[in-house]
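My questions all concern the structure below.
Naming follows writing order (A, B, C and D), and every chain is counted from residue 1.
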Amino acid sequence: MLVQSFLEDRNLVIKIEGDIDHHTSEEIREKIDRDYFREKAKNIVFELSSVSFMDSSGIGMLIGRYKNIEKQGGQVAICNVSENIERIFNMSGLQKIIKCYTTLDEALKEI
Amino acid sequence: MLVQSFLEDRNLVIKIEGDIDHHTSEEIREKIDRDYFREKAKNIVFELSSVSFMDSSGIGMLIGRYKNIEKQGGQVAICNVSENIERIFNMSGLQKIIKCYTTLDEALKEI
Amino acid sequence: MEFDNEMNIIMDSNSRNEAFARVSVMSFVSQLDPTMADITDIKTSVSEAVTNAIIHGYNNEKGKVYLKCGYKDNNVYIEIKDDGVGINNIKEAMEPLYTSKPEMERSGMGFTVMQTFMDSLEVISEEGNGTIVKMIKKISRS
Amino acid sequence: MEFDNEMNIIMDSNSRNEAFARVSVMSFVSQLDPTMADITDIKTSVSEAVTNAIIHGYNNEKGKVYLKCGYKDNNVYIEIKDDGVGINNIKEAMEPLYTSKPEMERSGMGFTVMQTFMDSLEVISEEGNGTIVKMIKKISRS
């Protein structure tokens, strides 16, 4: 699992590669929370095209970021959901809480 | 595991994809022996670029074909040994028994 | 039950083994040549149950997680067992969004995932006596 | 021995499980981030020992193959056990090119592979009392 982040205006783009499960979620969470404050970001955009697997721990991690960032007055968006995680994505109802976009450009424009 | 074969003059080219272990060796052997007689081939060239794994059962299968084809007055050659199986290839000393070539063209020319 | 093929794994209660459990089950079940969708469903459900054993059953402490997997024709049987704290109220635990560890950012969706992705789910547990999760999936050949 | 992480697999003596055993061990050992060369060495050695249990130990008949894998620091310990026919003359069995099943196109190189690819190999066996193969590999992190 690999997490990369970069700032685009005040949007922190998080690109996750590999599996998101309970084990890797902890690492992902720590890296995101650290980068968010260090970069003085406002919003977070998750780029998920390279995620090979995700279970409900990933749902919890995404909702956790959403709650934190909302408290800071920011927004969270998701884009490029990989085929591998479409099934859990659809069943989780995450889209009702967090906005999903097809491309990163679209997400950055709309957020 | 997938075995494909085609005839080039009287050389039967055998392309193996996937793992060569004891389980798959039996299938590979049966297919080769069937095709060799059906196609009235003389020689066999193994194209091994897509082999993901091989253990000593694979060595046994290759030597087994070598022995059979020799009895028929034919030759066996190997080409395009994939990186995945270089280690077992080198330790097995197979090159002392069966000729190895870098490319299929070379193997077909020299055989 | 007499399976066509069967395997048992005993692993440490270590979150690194969540991936190990998924890959092992995937490799075993791939003998049936299932569709990608079925593989993903099974992998995800195994991940949920093994994670639960580690974080809820053993509270992230030492223990052993038992995984059994067998198939007969096109039916895959999976059993995940721990000797951990057990579940007091199974009905409540299985409700969507219920979690006893919201501070750990659990979504409370684990059992819902298993129920949705597998064809049958049975949870056997008692406070102080560990938990057994039994799942069955009828797979389609790819 | 107290490992950093440990797993045990019990599987049917079924040649399909040769690949399952390899993939499971590979997934488990990958927690140490080993080089590709080390992974290949371990996968190949596991494949040899599991194959031997199935075709020699159990003569391709029903039985259980036991695989134990643990690591401590950079050392990987693997044990493969069967309750099959056992080995009468271990020294002879371990000689390169020796095989009791030439008619099955065995190369007689299985033990030689394990000896070459692993850092230590121990074979414990007795006629009629099954076989245990113990291997250790010190891995380099990639």
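Keep in mind that, in the parts below, a contact is a pair of C-beta atoms (placed from the backbone, for glycine too) under 8 Å apart; a residue touches a chain by one contact, two chains touch by 3 or more.
Remember, predicted model here, so these are calculated numbers, not experimental data.
Novice: Tell me which chains count as touching both chain A and chain B.
Specialist: Touching chain A as well as chain B, we find no chain at all.
Novice: How big is the gap, in whole Å, between where the Cα atoms of chain A centre and where those of chain D centre?
Specialist: Chain centres of chain A and chain D, defined by C-alpha means, are spaced 42 Å apart.
Novice: Need the CA-centroid distance for the pair chain B / chain D, whole Å please.
Specialist: Averaging C-alpha atoms per chain gives centres 26 Å apart.
Novice: Suppose each chain is reduced to the average of its Cα coordinates; what separation in Å results between chain C and chain D?
Specialist: Whole-Å distance between the two chain centres: 28.
Novice: Of all the residues in chain C, which ones touch at least 2 other chains?
Specialist: 16, 19
Novice: Of all possible chain pairs, which ones touch?
Specialist: Contacting pairs: A-C, B-D, C-D.
Novice: Considering only the defined contacts, which chain C positions touch chain D in the complex?
Specialist: 3, 5-12, 14, 16-17, 19-20, 23-24, 27-28, 31
Novice: Touching residues of chain B toward chain D in the complex: what are they?
Specialist: Contact set of chain B toward chain D: 19, 21-23, 25-26, 29, 53-57, 59-61, 63-64, 84, 87-88, 91-92.
Novice: Quick one: in the complex, what on chain D touches chain B?
Specialist: It comes out as residues 15-16, 18-19, 22, 37, 40-41, 43-44, 47-48, 51, 54-55, 104-107, 109-110, 112-113, 116-117.
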